[in-house]
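One structure is given below, encoded as structure tokens.
By written order: A, B, C and D. Residues from 1 in each chain.
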Amino acid sequence: MSIALSATSYRQYFVDQDDTVPEKIVVQRDSPRGLHFRRAGPRQRVYFESDDVHACIVTCGGLCPGLNTVIREIGGYRGFYARNTIQLTPKSVNDIHKRGGTVLGTSRGGHDTLKIVDNIQDRGINQVYIIGGDGTQKGAAAIFEEIRRRRLKVSVAGIPKTIDNDIAVIDKSFGFDTAVEEAQRAINAAHVEAGSVENGIGVVKLMGRYSGFIAMYATLASRDVDCCLIPESPFYLEGKGGLFEYMEKQLKENGHMVIVVAEGAGQDLIAESMRSMNHEDASGNKLLLDVGLWLSQRIKNYFTSRQKMVINLKYIDPTYMIRAIPSNASDNVSCTLLAQCAVHGAMAGYTGFTVGLRVTETRNTVVITDRMWARLLSSTNQPSFLSSKDIEEANMMVEEEQPKQTVDEEKSMENGST
Amino acid sequence: MSIALSATSYRQYFVDQDDTVPEKIVVQRDSPRGLHFRRAGPRQRVYFESDDVHACIVTCGGLCPGLNTVIREIGGYRGFYARNTIQLTPKSVNDIHKRGGTVLGTSRGGHDTLKIVDNIQDRGINQVYIIGGDGTQKGAAAIFEEIRRRRLKVSVAGIPKTIDNDIAVIDKSFGFDTAVEEAQRAINAAHVEAGSVENGIGVVKLMGRYSGFIAMYATLASRDVDCCLIPESPFYLEGKGGLFEYMEKQLKENGHMVIVVAEGAGQDLIAESMRSMNHEDASGNKLLLDVGLWLSQRIKNYFTSRQKMVINLKYIDPTYMIRAIPSNASDNVSCTLLAQCAVHGAMAGYTGFTVGLRVTETRNTVVITDRMWARLLSSTNQPSFLSSKDIEEANMMVEEEQPKQTVDEEKSMENGST
Amino acid sequence: MSIALSATSYRQYFVDQDDTVPEKIVVQRDSPRGLHFRRAGPRQRVYFESDDVHACIVTCGGLCPGLNTVIREIGGYRGFYARNTIQLTPKSVNDIHKRGGTVLGTSRGGHDTLKIVDNIQDRGINQVYIIGGDGTQKGAAAIFEEIRRRRLKVSVAGIPKTIDNDIAVIDKSFGFDTAVEEAQRAINAAHVEAGSVENGIGVVKLMGRYSGFIAMYATLASRDVDCCLIPESPFYLEGKGGLFEYMEKQLKENGHMVIVVAEGAGQDLIAESMRSMNHEDASGNKLLLDVGLWLSQRIKNYFTSRQKMVINLKYIDPTYMIRAIPSNASDNVSCTLLAQCAVHGAMAGYTGFTVGLRVTETRNTVVITDRMWARLLSSTNQPSFLSSKDIEEANMMVEEEQPKQTVDEEKSMENGST
Amino acid sequence: MSIALSATSYRQYFVDQDDTVPEKIVVQRDSPRGLHFRRAGPRQRVYFESDDVHACIVTCGGLCPGLNTVIREIGGYRGFYARNTIQLTPKSVNDIHKRGGTVLGTSRGGHDTLKIVDNIQDRGINQVYIIGGDGTQKGAAAIFEEIRRRRLKVSVAGIPKTIDNDIAVIDKSFGFDTAVEEAQRAINAAHVEAGSVENGIGVVKLMGRYSGFIAMYATLASRDVDCCLIPESPFYLEGKGGLFEYMEKQLKENGHMVIVVAEGAGQDLIAESMRSMNHEDASGNKLLLDVGLWLSQRIKNYFTSRQKMVINLKYIDPTYMIRAIPSNASDNVSCTLLAQCAVHGAMAGYTGFTVGLRVTETRNTVVITDRMWARLLSSTNQPSFLSSKDIEEANMMVEEEQPKQTVDEEKSMENGST
């Protein structure tokens, strides 16, 4: 018989398997009901016996604060990894959440779905956790399809990693909070540098290829930024209403300014710049694609060539310093939740799903009934300090048997297509 | 003619006055629809002309990270405080969000509703922002009632402050994230101290009189805690299943342990202790009410008196060091939102309301249509970089006139009783 | 044949065995020449063959930032610990300097010299490194004497640990810089708490039983402190020129104040308080010995009982939070130096000595001839990038043979009695 | 009659005017006595009456942590700046040491000695404090000469600023400690990035045009660096014993490596590179002069072109993020000392001098007699808590009268040429 992973076995902490979370929460007149997602969390009936689980974890792509916290949490469940290639034990992962990067290492580039599934099959792995970005999740979907084709009883769980926070249905990707916090250092430095000289300009490039979330939140949190440029909001440099005009005005009024630019901002302008410079030095191309360097050069050219002002521009690219730090407390909690939900999902027999945080649980004032408390109990392993009478009463609430869930039944993904 | 406060005037950023937010988001079978709150945000029609606004801000109670960020944001709207007693200008509040505490000062203790309203009347104040905890919000309600009785055209906006995060309908109170982050330092120290000696025990007391949110999240984020005690979850010390038994087991297995205790935990046990010690030293009473000191003493007594083990207990109370730090990036964004929403509400003519964050907005992948971007534009004052054609199209979307809203009409509170 | 430990073998980096360092550096008229200490550093001739070394490291007493850095550095020399009880390898100690506390654990209390030396003898240990405070160093001296009595060829090296920086002949004890830095957090918090209320008083207790170095430097670095009380400078509370009078003046002028008190300050006053309270509650005694609590209570009593002012006092004791943090960059360098010097001394056959930093090396503008560069080369293991011609020239500088040094010859201690 | 600036007037705290500090402290056989510097500190007799002082402060060149602390300390002496253009009051500078940068602003470029001295004369300034690097100090010398030529009674005090710590006779320049500490972040990030991928290489460029002090100390403090390249130690890339060979070995052994390079390192190699690329794209030149970018490109080329290994290089340039942070506790103390010594020197009538820290004071175990305590008393303004009897005894120690010192007498500089 299967048992729940969490230290407590009270009905109240289990998620009913019909619970859903709506995509749209703000209720507008006449709006359709919209998509609902399956709610993550521990199920009363689980598919895998703990002792039979042979899981593996993969991390791919660029670094993101919190990777080790996710790994720690998945790897921290006792007895999971007895036959895994990289033996993760609760002890060996005990402190890794305090380090940046990923203890598993990461790589970019192609993968051979068939070989991977062969490997999973050969090693007897029956739970696969894949932590990575868009490309990685597509690879995970291919692996899931191949596993289904072969009718293997293997759960595939995707844990989306995107420091940019640019995944559509997910409210908050792990590492994002930490990135916004750490970005403050660069913005502060740019502000101090710009503010200490005449016509000082600080330019900070932040992550965000397709979305400006980090740039936007870092700007809102800092309040020292005079201009934030993001991919979603096109801008232009010259002419009325353009960036240069605004900069001239700001410099005249305040004597200095700070610009935050997301790495994906202004790509159309850069492409245009490069077309007009056609036939020129090819080796410089790659450099020009960096919006921070490109923008800094354009600003310098503008103010220098027209002898408008003597400016003093400082460009800061804190990308690697942001990516590599350990996750902060808030992201540590998020990572813990994500990992626990992924394990709960896989244990319950779901497969081909990704987990994501939608900040939707209404907190109760009485924290004891909060699901978060169950997570805590499972994380500390402390006793519940409840008397046997309490437990009896709680058990009384378990009324009906639920059918056992299996991966055979081809569970639908919680998010994304089956 | 009234104008919006934000730098942009595009229809898409305004909140429709009929938008609501449900109290319960997880959709369960057969659950009733439940309470819905009025959605906060900028309204297309505002009640006050910017130039006519004479506002005041009050902070009360204990310190909480983010107070200055809230003050900065309310005070940062140009021209608001020309006739205010403490002249706040955008320039004077420019950097205050980087400091802990409150630039306005704070006090505890009673207030005289009639005198306060006399004062508001005498000074011609027509917007009152009150930042404080439960008691303060009750005072605010009394002020609001008196203002309504006198038929003054004065908006009263409450901004709830509770570092403990223990307000029922609000998802996340400002300062909470920062407190959890800073609490990590104390937990880390307790862990290092406990881990460096034989049978080391680290006890950390964290804020939380009626709720264990900070203790719970700090524990989840740290992963170094072996036991977390909170007000909502009763516990007992001696006997089977009690704390001491658990401690003995932990010390034998790991050689050390860390306990986090919320300040309101175990109050019943302390009360009991005191009753049994009746007729004893009265001067010690106050000390015993501190759960951290009380628990540390009880643990020492237990292990010493029974000669069970030679333990080495270190007690850390980081409360003031947590309360006094500047808010982190995440809380800075929350504070900015709260303050902006309070101003939007007051400007729109709402009164007798409190603002609160319910993390419910579904983020769009295209950030430019996100309300957060409007907040950013209003916060940096940068141009929108949109061509006149874009603006025309946007204006086309404004279809119908809305009736002007006034405080005369006795707007219902967004949260709380009218 | 013996070889040097450092990666470079150039004469310039070796310390001549007759080099000394004077105790008094400021030259005053007619002052006697004073004590000179033997200079620490690598010797050209070493006593122990690297492969024959069997060393052990002991840490004792309270925590101090940098303990792990010292352990790492001693333990990082390849091949040292083949037969040691706690096997330290360069790999196992690789990251420990980033953690607070001590990986070796620490204990207080007596020791049995004969048993310890038996143990050293039985295990074939020939180098003993003892990291600890005054008491520990006295124990080390006893161990050294017993080893000498038995005519064992064992080097005993003491590495003084005192976060208080109160060792006479040493300029800077490791961990001190980190402690002063971390103390700023508590002082900042006290300042913010005091400054946010009327008549706010922040009291911060810092380490320092017999000396006020930490309190003094933390005060100088912070500039937010209005009064610093240390053991070396007696003070009194009441009457003209007393602390209370000064406090009243400060509160009237500034509305708030911050007091830093070293733990050993005012012990005479506390003793006096206790005598006058004779026959009173014995259980309170221990509490009264904490100068921070005692002073806070006295201040509260003074202002309350005389109804002088309503004050708002916040007491912060950050001791454990300071002791447990990892050492900062400056202390990491100090710890590295100390450990390297201890190893150099032991390898050169010195015994019964303690190492200490006296900040006396005049830095050369050309860093390459600086001894610090040799330390760096030995720490990174990077190549010297010098051509064979450079090496030849350098070798030419080695002119004369030095007699091999042995522990048999009863080397004098560098500091302390033989 | 003139009085000392410090709050205490006890003889013991005054520097005897004949005290000197030797340049070389390590005593070597047969070494000549060498240069001695005049000792800085408060003199019993001062030249300027406090009320007659009209001082100005100038900051020049790049940012350096601690500038504001120096400004605060000079500006904090009451009554100094009554007629100064930028009115600095103790209140206005109260918190500036907690901010990075310089509140006075800074500029590079030429200056007109005659105009400056005219200006000093016109405004009645009689104390000039000049904070800046080598060029600035040369300018200060020119100003001093012109002032002497005009026989003005104006003290000129230079406070050397060089984050690189590359001033010959000074042991520790302010900001250096902070820079080394902050550099750890970049090295940590490089280490995490490098360690999370196969053949990961982290390259961190640190400040240091002519000296590698920051690179060297940051490397020693971090222990994660595999290779440190500095201006004083030439290196080569290719061939036996070269950097590439070392890198291949490291990557094969450890799978990753971290390189720290001072900005002035390898300038000869870069110059050579550029000569060989003669006639090529001129626009690239400036870029190539950045040793970090140049080295990163060379490493990539080497490993790519020869298909030796697929490497993954991450380049981090944290320069501006290091320069702009507030100074740490240790540097705050240094800055305070420097500024107090500059003021003491100017007040005593010295002119044409620069102040610098030589870490030479032997600390006494009894801190009360330490000069640092006098500095603390002067910085907190707290009472000395000494009875009148103590004072009498202390006064007894003042035996002889010293001649009043004046700027007319053309005091020699403490360091540097007159």
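Things worth noting here:
What we mean here is this: a residue touches a chain if its C-beta (ideal position, glycine included) is under 8 Å from a C-beta of that chain, and two chains touch if they have at least 3 such contacts.
Values in this document were obtained by computation on a predicted structure and should not be read as measured data.
Between the contact lists of chain A and chain B, the overlap is empty.
Chain centres here are Cα averages; for chain A and chain C they lie 43 Å apart.
Each chain gets a centre from the mean of its Cα atoms; for chain C and chain D, those two points are 25 Å apart. Contact with two or more other chains is made by no residue of chain D. The set of touching chain pairs reads A-B, A-D, B-C, C-D, using the touch definition from the header. Interface residues of chain B facing chain A in the complex, by the touch rule stated above, are 16, 18-29, 36, 39, 72, 94, 97, 165-168, 171, 177, 180-181, 183-184, 211-213, 216-223, 225-228, 230, 232-236, 241-243, 246, 328-330, 332-333, 336, 359-363, 365-368, 372-373, 375-376, 379-387.
Residues 63, 99-102, 105-107, 185-186, 188-193, 195-198, 281, 283-284, 287, 314, 316-318, 320-321, 323-325 of chain B are the ones touching chain C in the complex.
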